[in-house]
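Scrolling down, you'll hit the structures one after another.
Shared chain: subunit A. Partners: subunit B in the first complex, subunit C in the second.
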Partner chain A sequence: MNWLARLSNIDRRMIFVLIGAAVIIPFFRPLWLPVHVTEHVKNVFDFIESIPPDGQAVLVSMDYSPETLPELYPMNLAILRHCFARDVRVVGMTLDPRGIGIGEMAIKTSADEYGKQYGEDYVYLGFRPGIVAVILGIGEDIKRVFGTDNYGADLDSLPVMAHLTNYDDISLVVTLASSTYPESWISYANSRYHQLIACGVTAVMAADFYPWLQTGQFIGMLGGLKGASEYELLVENAGYSRERKTATIGMDAQSVVHVLIVLFIVLGNIAYFASRRSAGGDA
Partner chain B sequence: MILDWYIVVYVFALVIGLQTIIHHHYHKIRRKTKGYWYSMVTLVSLAVMGTAGVFFGIEQGSFFMYLFRHIQVPLGATMFSLLAFFMASAAYRAFRARTLEATLLLVAAVIVMLGRVPLGYFLTKGLPEGFQIPAITEWILMNPNMAAKRGIMFGVALGMLSTALKVIVGIERGYLGGGK
Partner chain C sequence: MSETVGIWIAALLTLGIFSFLYKDNPLYKFCEHLFVGISLGYYIAYYYHNGVIPKLYFPLVRQHNYFYIIPAFLGFLYFSRFVRKYAYLSRWPMAFVLGAGSGLSVPAIIQARIIRQMQGTMIDTITFSSIVMVVGVLATLSYFFFSREHKGFLKIASGMGIVYIMVGFGATFGYTVMARVSLLIGRAQFLLKDWLGIID
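Entry: the complex of A and B
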């Protein structure tokens, strides 16, 4: 077998082994590549930074499922840590029934790190079915939509909900999503109630949301693990958190994997053009 | 009012979904069709998660959450992570610069892949800002990508509008069934 045939027929198991090694090795030998903060991520950070302590609440809608947890959970924690570090009240909820446990895990983990009290500093509303009805309902009266929190407590009995009726009392909605939920937030909360919205989405979805970034309907966006690592850096640089930066650790592995995929593309094309040339020569 | 109806519909859908999944997998097990073991796993998982949630609660620290965190989350994440392996293999075998359009797509993909990781910035940080890979990536996403995305959105919206009009005026009757 000549070099050309070998190059064009790399065993797929070899590719899988190389990708596996590219993911695992950087966790043990980190490259510590510098993270460059993009404008869209900085805009979200700056907005939350501008909310006065104990001022209007931030509604964090954790609309994602376990499949995308490795990408979205780090940005979820980073945003919640930022809010709690600045004493911003947080209202947590989810539009995805598979996100109930994840949302609770994220909000409780980050609240405990800052000694925040449930019901006073934050609340977790859990899930209600009917995406459009829930988003529109919050615009009228959030207590009518949910009635109780995730644990069955009456919302009127929670101090954090005392002055919270609708979007007028919410400074920012952050939707962390692995599906088209951000579009629903734009269509109903932003268009109908002019609610400011930021989103955090998986890397493959990020390209879909640029039209709304350009129009200003999203104030900013965190795209994939890269967006999460940028937010982690901003939170750490501001002195709000010294917790392990899981997204930043993952970026080294992602860098190596991306380079490897580019190399595979180059190799595949070299083999393709060389085989075409040799076929032309033979003819 | 609408939300109440949503909840009613949601509950009915849940019951129908539950009935369908049990019926489907029960028959696969009874007939011992190929891969019926997977049906057994599905039904056992359904029973265990359902029992744990209904009888022991779903709050943090519960048995339900233990199963969720230690089984469902890693399994789900693993499924999604497998994409990286198949993408690498597919990129090697199929991503060829056969035409001008394919070449443009390939070049844009390579730039965006490098621009979405710290390595892209690291490799070009010495260059003027506009020539750094993250800046070029941002330009690609904010211009050609956004224009294409808007075009698709307009196309979909116009298509939906025309289909809705055809249904309203009775030109499109396929949804009524009754013939080819």
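Entry: the complex of A and C
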């Protein structure tokens, strides 16, 4: 058996071991590869940067579930840190019942880092069932949709909600999603109420959302771990945070694995074409 | 203490799921079934406490708003599927949901996904990117035009359409690889940092 035939019949578990090694080794020997900030990520950063302190609120809808935590949680923290560092009021919520605990963890962790007070600087509304009804309802009266916050407190009793009625009082909706929730935000909040929307999505979904960016229906987008690492860099460069950059650390491993996968694809194709040629020759 | 126990359970379940990479085994099956069961239980409990109780029980029982009997009755009809003789009644709430859902979605979706996307293709300044985009839209649409045989100009246009579609698939595949690797990186960070504590 020649080396090409051996390459074609390599045990798939060998590939898993190599991928595993490519992920783990960069954690011990970081390469600190540079991160290039793309326009779509910069647009989100610049917009939040332009909101005056204690001006209109930013609504962060954490519409994702635990399985996409590695991609979306770092960008969630980076965006919340940016808002809190600039004294922008934050309204947190989720359209996904599996995201309730994650949303609470993200908003509390970042708020505590900047000494923000619950009820005065930010609020966490939690989850209400009915995606369309919730998005449309916020356009009329946010208090009527939620009534209470995630902990059962009447929204009228929270100072942060005093001047917050509907989308007119929200400068930007940021939807961090692991499913098609951004499309619902576009279809109902943007189309009907002309609400500005930015999204942070998993890499699997990112390619599908570029047409919405081109039309301006999203003001910007953070795509996967790469988008998260770009936002982490922007927040750090602006001097807003010195916290551990989870996504940026992961990007070294990401790059090494990509090189390895490209190598596998090239070798696989060489082996395939060579075996086809030799089969043709035999015939 | 509870956090440590939680981390150990999460780490062992992660390793149980990863054991499938070697070959299918009872430990993997246990972890998989546990995940499905917990997810379903969580959904049922959460929707009951955040949907049925505040949105139906409280208005009906505490506020005596008897108008809510109508949606409650419609919702209850879903359970008629369990009785073959009355299964047809479950179509009523479905018809209501489909009717209301379509009425809400159709205008919004036409505006968001068709009109705005068409507007996006109507360029006001000619740049290289805009030409690539317009040509791509027309070529891709021509590939899906099946009312005429693809020959002559239509063959060239649909051929270009295939190239655009392949580029789209390639971009999606690349992003998908990135997403899957990100999940592996997340688990590796958890195991090495939170569980074993051997990285910062």
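The definition used in the following text is that the second predicted complex is superposed on the first by the 283 of 283 C-alpha atoms of A that agree within 3 Å, B and C clash if a C-alpha of one lies under 4 Å from a C-alpha of the other, contacts with A are read in each partner's own complex, and residues count from 1 in each chain.
Simple rule for what comes next: a residue touches a chain if its C-beta (ideal position, glycine included) is under 8 Å from a C-beta of that chain, and two chains touch if they have at least 3 such contacts.
Computed from a prediction, not measured in an experiment: that's the story for all the values here.
Contacts of A:Y188 after superposition: subunit C is touched, whereas subunit B is not reached.
Within the superposed three-chain model, A:G101 lies in touch with subunit B and out of touch with subunit C [touch as defined at top]. Once the two complexes are laid over each other on the shared chain, residue contacts for A:V259 go to subunit B alone; subunit C is not touched.
With both structures placed on the common chain, the touch criterion links A:A207 to subunit B and to subunit C. Contacts of A:L33 after superposition on the shared chain: subunit B is touched, whereas subunit C is not. By the touch criterion defined above, A:F127 lies against subunit C but remains apart from subunit B after alignment on the C-alpha atoms of chain A.
In the superposition on chain A, A:G250 contacts subunit C only, with no contact to subunit B.
By the touch criterion defined above, A:I24 reaches subunit C but does not reach subunit B. Contact with subunit C, but none with subunit B, is seen for A:Q217 once the two complexes are overlaid on the shared chain. Counting contacts by the rule stated earlier, residues 16, 19-20, 23, 67-70, 100, 128-129, 203, 206-208, 211, 214, 223-224, 226, 254, 257-258, 261 of subunit A appear in both its interface with subunit B and its interface with subunit C.
Interface residues of subunit A, counted against subunit B in their complex, comprise 10, 12, 15-16, 18-20, 23, 33-36, 38-39, 65-70, 100-102, 104-105, 108, 128-130, 133-134, 137, 144-145, 150-151, 203, 206-208, 210-211, 213-214, 223-224, 226, 229, 251-252, 254-262, 264-265, 267-269, 272-273. Listed in rising order, the residues of subunit A touching subunit C in the complex are 13, 16, 19-20, 23-24, 27-28, 67-71, 97-98, 100, 126-129, 132, 136, 147, 183, 186-188, 190-192, 202-208, 211, 214-217, 223-226, 244, 246, 249-250, 253-254, 257-258, 261.
Per the touch definition, subunit C reaches subunit A in the complex via residues 21-22, 39, 42-43, 46-47, 50-51, 54-55, 101, 104-105, 108-109, 111-113, 116-117, 119-120, 133, 168, 171-172, 175-179, 181-189, 192, 199-200. The part of subunit B that touches subunit A in the complex is made up of residues 2-3, 6-7, 10, 58-60, 64-65, 68-69, 72-73, 75-77, 79-81, 84-85, 87-89, 91-93, 95-98, 106, 109-110, 113-114, 116-119, 121-122, 125, 134, 138, 141-142, 145-146, 149-150, 153.
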